[in-house]
Every structure is written in C-alpha cells, then in structure tokens.
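Note that chain A is present in both complexes that follow, paired respectively with chain B and with chain C.
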Partner chain A sequence: MDTIIQQLLNAAQLGAVYALIALGYSMVYGIIRLINFAHGDIFMLGGFIGLIIVTHFGGLPFCLVMILAMLLTALVGVTIERVAYRKLRNAQRMSVVITALGVGIFLENLVRLLIGPETRQIPARLPTGSVVWLQQHLGVFVTWDKVLIILISLALMAVLWIIVNKTLVGTAMRAVADNASVVPLMGVNLNLIISVTFAIGSALAAAGGIFYGQAYSLDPYMGIDLGWKAFIAAVIGGIGSIEGAVIGAFLLAGVEVITVAYLSSNLKNGIAFGLLIILLLIWPSGIMGKPLLKKV
Partner chain B sequence: MTCLRLEKLSVSYGAIKALRGIDLEVQEGEIVTLLGANGAGKSTTLRAISSMIPTDGGDILYQDQSIKDLPAHKLVSMGIAHVPEGRGVFPNLTVQENLALATWTNRKKDRVRSAYEKVFQTFPRLAERRTQLAGTLSGGEQQMLAMGRALMTDCRLILLDEPSMGLSPLLVKEVFRTLQEINALGFTLLLVEQNAHMALKIAHRAYVLENGRIVLEGPASELAKDPRVKEAYLGGA
Partner chain C sequence: MALRIQGLTKRFGGLTSLSEFNLELGERDIQGIIGPNGAGKTTTFNVITGVYQPDQGQILLEDRDLTGLPPDVIARAGIARTFQNVRLFKDMTVLDNIAMAFHARIGHTLWGAIFRTGNFKRQEARVRAESLEHLARFGLADRSQEWAGSLPYGEQRRLEIARALATDPRVLLLDEPAAGMNPSEVDELIRLIRQVHQDFPLAILLIEHQIPVVMELCGHVQVLDFGQTIANGAPREVVNNPLVIEAYLGEEEVAE
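What follows is the complex of A and B.
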C-alpha cells in the first residue's frame, strides 16, 4: 500500500512537469497551428535560468527565483516567436516546423557553450524534510519538496485555466484558436495575443524546468527527451486542449512510473510510445480533442 | 460631413486586378450600398477599407484622415466596424464572450453597459441565448450576433458584407429592417449586397461595381429605376 502511494506521488510529480511543458505545446498549436519543436528546449533553458539565478543570488527566496526565471524565459519565448516564427506565419507549415527545430538546436548548443555539457542539479530550495503527517498516518515516507512541486504545479494550471476561461485576454486567445482572421475586426491586436500565448507557455515550461532541475537534474539536451514526452502527452490529450494536455501528461507519467516500478526501466519509452499509438487509434484527435471536421 | 472616402483605390491578388481605381464616398449618417455580381470586387473593397488585405494604390480617408496603412485592429478603435462575409462568429465562444471581445478597445464601464443595452434591445434573441455557444446558433441568429458585435465596438461606421446571405426570405426582411433601425440609432452603414432589390430599398445612395470599376452611382431610388440596373441586378425589366 505505502509503495503504491509512493509511486503515485512519483507519477504525479513527473506528470506535473510533463503537464507544465505540454500546456505550451498545446496552447501554441491551438492558436496558430504550429508545433513548436523548440518548446522542449525552452523548458531546458528555463531550468538553467533558474539554476543561474539560484547560483548568483543565493539569498533570494524560492518563489522569487521562480517568478524571475519564468519572466525571463517568457521573454525568450516571445522573442523567438517575434524573430523566427512571425514572418513565416503565412508560409508553408513545413518551413516554420523546420525553423522551430533549428531554434531548438540553437538553444541546446547555446546553453552547452555558455554553461557546459555537464549534468547539473538546482540546489534544493524547497524543504526536503519528510511530511510527518503522511508518515504517521499512512506510514509513507514522502518529502515536502515532492508534495510542493505537485501542489505549485496544480496551482499554476489552475491560474492558467482561469486566465484562459475567465478573462478577456483568455477569450481573445480562444477566439484566435476559433477564427484568427476575424480577431483583428474586434479591435484585438492579433500579434499581441500570440505573444501573450508564447509568454505564458514559456513561463510554465520554465516552472517545469526548475522543478525538474531540483527533483532530478539539468543538462543541455534534456529538452529533447522530455519535450517529446510532453508533446506525446499533449497529442494523447488532444492537442489544442488545455484540459487534454494535463490529462495526457498525468496519464503518460503514470504509465511510465508503473512500467519502471513493476516491469523494467528499459521498457519505459517503448511502452510510452506504444500507448501513444494505441490511444490515437482509438481517439484519432486525442482524448479531449475535437474532430478535425468542424461545422460552421 | 464625409465619413469615408475612397480615392482611386486599387487592389490586386497577385497578377489579378481586383479593384481598378475606385472612388466612393459615404456621408455621416447614410446607408450606402455597393452592388455588383460575384467577383466584381465588393468584398475586396470592404476588406481593403478595414486593412484585412493590402492595397496597391490610391487612398482611404476616414473623417478626412488617411487610414490606408493602419493595422486592422487600430481601425476598430477609430470607429470602423466590419461584419465580415459569412458572419465570422467564434463558434466555440458563447454569445456573451463573442460580444465581450468586441469591447476590447473601449472597456469603460458605462460605455460597455450601454452597448449591451443597445445590442439586447435591437436583438432580444441574443439576450436569451447569452450562455449558448455561437456555433450552435441558427444562421439568422449568427448574423444578429455578428451585427451585435459591431455595435459592441465603439464604432460610427459599420461595413457589412452580405448580411442577408444564406437566410430565408423572412429573415432577409428582418435583417434589412434591423439595418434601418441601426442607421436610425446614428450609425453610418456601407452595405455590400447581392440582394440588390432590398439593398436599394433601404439605402440612400448606391454604387454599382463591375470588374473592379464603379460603373454607376447615384441616389438609390434613381438607380432602382435605371434600366441597366433593372436588367442586370433586379431580374429584368
């Protein structure tokens, strides 16, 4: 029983990180139909920005480190869209996908050049003691940082949900997803909304990067593997759907953790990608996705 | 006072010339209709005015100010609303959200409240369907929503692209009656229509476009009697 709870919490922690990345993929795809293959590397960069802040400003409280890293990474995301993607918005889909892959490779090499290829860990800033209550009542040994990572991630997702569904900016984002060409006729600056979407997606990825760098480790190429996983999570959930990205992320993490715990860690990726194929055969548009054929 | 003036406006799509230097004027408070066959350049004219497509040459003046190089969203804050062809409602947004988005450029509480009042008075149906997704509305209701959104912006001039398209004869009548009501509220309308008969009935003045050129213009009542208009657009003499 206690190991099952442990595994569930491991899955929730990994799933939270996947979800924070997957949301960015899904939101950007939702509004401009671009699969931003540089997004995994934005996640990596966010982690490293967090590491640099922690190393150089050791005194900053953790929440300030996070906010600062999220803001800086958001700025990078917005700049990438402005410089590399905007001019290609009406070009062939393939051109901008290739550009995105290029931006990703650029970021990987930039970080390797500036910081080095070694694996790093963000020094623990979250309390790492055991959650005494869980130990006493359930006999489960869980550290606070794991619980906090899961809770903060869920809180960030809740904030995102409120922004998207309850604010006028969010309404504009959903309107762009629905019918982008009409949005300027409402007086809304389309480029501004697209920038906001990249900013939010990048900030969430940075949060994921910091959590991952504290719970596991950072290296310049981590964005490839984790980016693909998060992308799969977004597709399984139904790319373009926020709820779908979260469901897909926790589902994928659950399958991975269970595979590692009860089968073999070598099978982890095989089973994850196999799951993608099977789920997409059942739901071609993903769990929460809308069928491609739209009425209207 | 002149609300909108097009001077020698030209537009092309690649090598194809869609507008070949048209001159057109809309006075404050008028309903002006732009008639013509499919492909004559009617929608192109409206799209050029609201900066949805680039222009080739000529100028567009709004309240005696050139607006040719301004981005589309800026024009809305200057007071030009555009009800696009095919209505262009956001199907996965509620009626309320569709309307709210159109208040983007002017969020002053009093203004927004009175805009809602105006819209729900003109289209009581929209008030009933506030929480419904726009995609689930009927064609006529979607047209009301598209016009309602225009009223929600802080506009003086409304460009309408074939508001009667695809509607039943009864609804067509209702749309044109509503347009007259909106005009009576003080809005200036530039109306592109295939339904020349109805458009000439409510318009003050009219222009006829053929192959990207204005071939006829004048008071709507006179154009309605013109044999060339009768033959080509009103189903024969």
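What follows is the complex of A and C.
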C-alpha cells in the first residue's frame, strides 16, 4: 500500500513536469497550428536560468527565483516567436517546423557553450524534510519538496485555466484558436495575443525546468527527451486542448512510473510510445481533441 | 462624411481587382455595391478593413486617414464588417462572441489580465453585463450560453451583425447579408438592417446579389465589373442601365 502511494506521488511529480511542458505545445498549436519543436529546449533553458539565478543570488526566496526565471524564459519565448516564427506564419508549414527544430538545436548548443555539457542539479531550495503527517497516518515516507512541486504545478495550471476561460485575454486566445482571421476585426492585435501565448507557455515550461532540475537534474540535451514525452502527452490528450495536455501528461507519467516500478526500466519508453500508438488508433484526435472532420 | 474613398486600387500580380474606386458615404447613408462574381466587391471590403494593402488611393474615416493601417487599428477606429460566409467563433459561446468585440472599445492591459487587478475584474464584469444587454437587443439573450456554431443559420447571421455592432462602429460593412436566405428570411433581414440603422449612429455599406434588398434599403448604388465602376446612382436608374444589364447577362452565361 505504501509503495503504491509512493509510486503515485512519483508519477504525479513527473506528470506535473510533463504537464507544464505539454501545455506550451498545446497552446501554441491551438492558436497558430505550429508544433513548436523548440519548446522542449525552452523548458531546458528555463531550468538553467533558474540554476543561474540560484547560483548567483543565493539569498533570494524560492518563489522569487521561480517568478524571475519564468519572466526571463517568457521573454526568450516571445523573442523566438518574434524573430524566427512570425515572418513564416503564412509560409509553408514545413518551413516553420524546420525553423523550430533549428531554434531548438541553437538553444541546446548555446547552453552547452555558455554553461558546459555537464549534468547539474539545482540546489534544493524547497524543504526536503519528510511530510510527518503522511508518515504517521499512512506510513509513507514522502519529502516536502515532492508534495510542493505537485501542488505548485497544479496551482499554476489552475491560474492558466482561469486566464484562458475567465479573462478577456483568454477569450481572445480562444478566439484566435477558433478563427484567427476575424480576431483583428474585433480590434484585437493578433500578434499581441500570439506573444502572450508564447509568454505563458514558456513561463510554464520554465517552472517545469526548475522543478525537474531540483527533483532530478539538468543538462543541455534534456529538452529533447522530455520535450518529446511532453509532446506525446499533448497529442494523447488532444493537441490544442489544455485539459487534454494535463490528462495526457499524468497518464503518460503514470504508465512510465508503473512500468519502471513493476516491470523494467528498460521497457519504459517502449511501453510509453506503444501506449501512444494504441491510444491514437482509438482516438485519432486525442482524448479531448476535436475530430478534424466534423462533417463530410 | 463618414467614409470617403479616393482612387482606391488593388492589384494581384497582373490582375487589377479594384481600379480607381471612389466612394462618399454620408454619416447616416445606406449605400450598396453590386456586380457579378469576381467584380471586386469583396476585395473592396478587404482593402477598406486593412486585410489587403491598397496599391493606390486613400481611405478616410471621418477625415482620419486609415490607408495602410493594420486591421485591428482600423476596427478600433470604427469600421466593422460581416462576411459573405458567416464567420463566427463557432466553438465559443454566443456571449463570448460578443465579449470579443468589446475588446475594440476597452483595450486591456496584459498585467491586468495576468495579475487580476481589481480594476480589471470590474471591467470584465462590465463587459459581461453589457454583452448580455447587447444580445437582448437582437433577441439572442436566451441563446447566450449556446455554442455560436450550433445556432440556426438566420440567427448566426444576426449574431454576426450584433458582434460587428458591439465594436461600436461608425461604418458597418455588410458582405452579402442575404446570401443563402429564403424570401421570408430576406424580409426579416431587411427589417433588421433598418432597425440597426435607426438604433445605431452609423452609416452602412452593403454588398448584395439580391437586387430587391438593394432596392429596398439603399439610397445610392455603385456597380462594379472587373474592378471598374460601371454605374453609379439611385438603385432604380442603375438597374436599368444597359451597361449593368450587359454585365449581369454576361454573368448568366457562365453561371452553373
């Protein structure tokens, strides 16, 4: 029983990180139909920005480190869209996909050049003591940082949900996803809304990067593997859907953690990708996705 | 003068879609643009609303030069439009469709949205209330929570017009509002446009294929053919103009 709870919490922690990345893939795809293949590397960069802040401003409280890293990464995300993607918005889909891959490789090598190829860890800034209540009542040994990572991630997702569903900016984001051509006629600057979307997606990825760098580790190429996983999570959930990205992320993390715990860590990726294939055969548009063809 | 257009020209490669187009739309006018398919009518709207940049010419809204400005700025300046094929935010609620249009009036700040400032929340509550009120004027209040795409066609048209009006325009451009409507729906549409013209302080410019709509509503009509204005005047004179008849008969031959 206690190991199951422990494994579930491990899955929740990994799923939270996947979700924070997957949301950016899904939101950007939702509004401009671009699969931003550099997004995994923005996640990596966010982690490293967090590491640099922690290293150079050791006295800052954790929440300020996070806010600062999220803002800086948001700025990077907005700049990438402005410099690399905007001019290609009406170009062939393939051109901008290739550009995104190029941006990703650029970011990986930039971090490698500036910081080095070694694996790093963000020094623990969240309390790492055991959650006494859980130990006493359920006999499970869980550290506070894991619980906090899960809770803060869920809080960020809740904030995102409120922004998207309850604010005018969110209404505009949904409107761009629905019918971008009409949005400017409502007096809304389309580019501004697209920038906001990149900013939010990048900030969430940065939060994921910091959590990952604290719970596991950072290296310049981590964005490739984790980015793909988060992308898969977004696709399983139904790319373009915010709820779907979160569901897909926790589902994928659950499958991975259970496979590692009860089968073999070598099977982790095989089973995760196998799941992707099976789920997409059942739901070609993902769990929460809309069918591409509503009517024939 | 609500809208004054001089020498507006738009070329696509070697094709001149619109040539030396002029228009003087008075503050409370209803004017029409007619012409066969491909005559450049919708191009005219696309240039006026900033979707296309004109190659020559000038667009003045209440003496403000809008030529070459981006579409969102033109919308905020006071030009609204509807589309031949209704373009709603289909997967959003009827209310959210209207709320989107309020962007044109209030302009929001990013900080307010992210940090949910008190002022911002008040503004959002006001937008909801005013959107509902606005829907009520068009008999759509009880539909406010339905998906826009699920409304019957006639109501989708009405919602699109209501949404255009929610941006608080000085000039309303209607692109074939009667397209795909049966005669009784057309009658209802004519009543609606009259009502809108009475209730809102604006001028209307409409493109229409159905001549009766133009005869009923417009004080002045301009006929386009291959991007050129071939006739100009009161509807009754224009429809009897031999050039116009020829342009339309020419179309008959290629019609399906």
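The definition used in the following text is that the second predicted complex is superposed on the first by the 293 of 296 C-alpha atoms of A that agree within 3 Å, B and C clash if a C-alpha of one lies under 4 Å from a C-alpha of the other, contacts with A are read in each partner's own complex, and residues count from 1 in each chain.
The criterion applied here is as follows: contacts are C-beta pairs under 8 Å (C-beta built on N, C-alpha and C of every residue); 3 or more make two chains touch, one makes a residue touch a chain.
Because the structure is predicted, anything quoted here is derived from the model rather than measured.
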In the superposed model on chain A, is it clash or fit for chain B and chain C? clash
Identify the partner contact of A:Thr167: answer first if only chain B is touched, second if only chain C is, both if each is, neither if none is. second
Go through the superposed model and pick first if A:Ser181 touches only chain B, second if only chain C, both, or neither. both
Figure out whether A:Gln135 sits in contact with chain B (first) or chain C (second), or with both, or with neither. neither
Touch check for A:Val196: first (chain B), second (chain C), both, or neither? second
Which of the two partners, first being chain B and second being chain C, lies in contact with A:Ser95: first, second, both, or neither? neither
Please report the chain A residues shared by its interface with chain B and its interface with chain C. 168, 171-172, 174-175, 178-179, 181-190
Contact footprint of chain A on chain B as seen in their complex: 50-52, 71-73, 76-77, 81-82, 84, 88-93, 97, 100-105, 107, 135, 149, 153
Residues of chain A that touch chain C when the two form their complex: 162-163, 166-172, 174-175, 178-179, 181-190, 192, 196, 290
Could you pull out which chain A residues touch chain B in their complex? 168, 171-172, 174-175, 177-179, 181-190, 294-296
Which chain C residues qualify as touching chain A in the complex? 49-50, 70-72, 75-76, 80-81, 83, 87-92, 96, 99-108, 110, 113-114, 116, 120, 123-124, 127, 163-164, 167
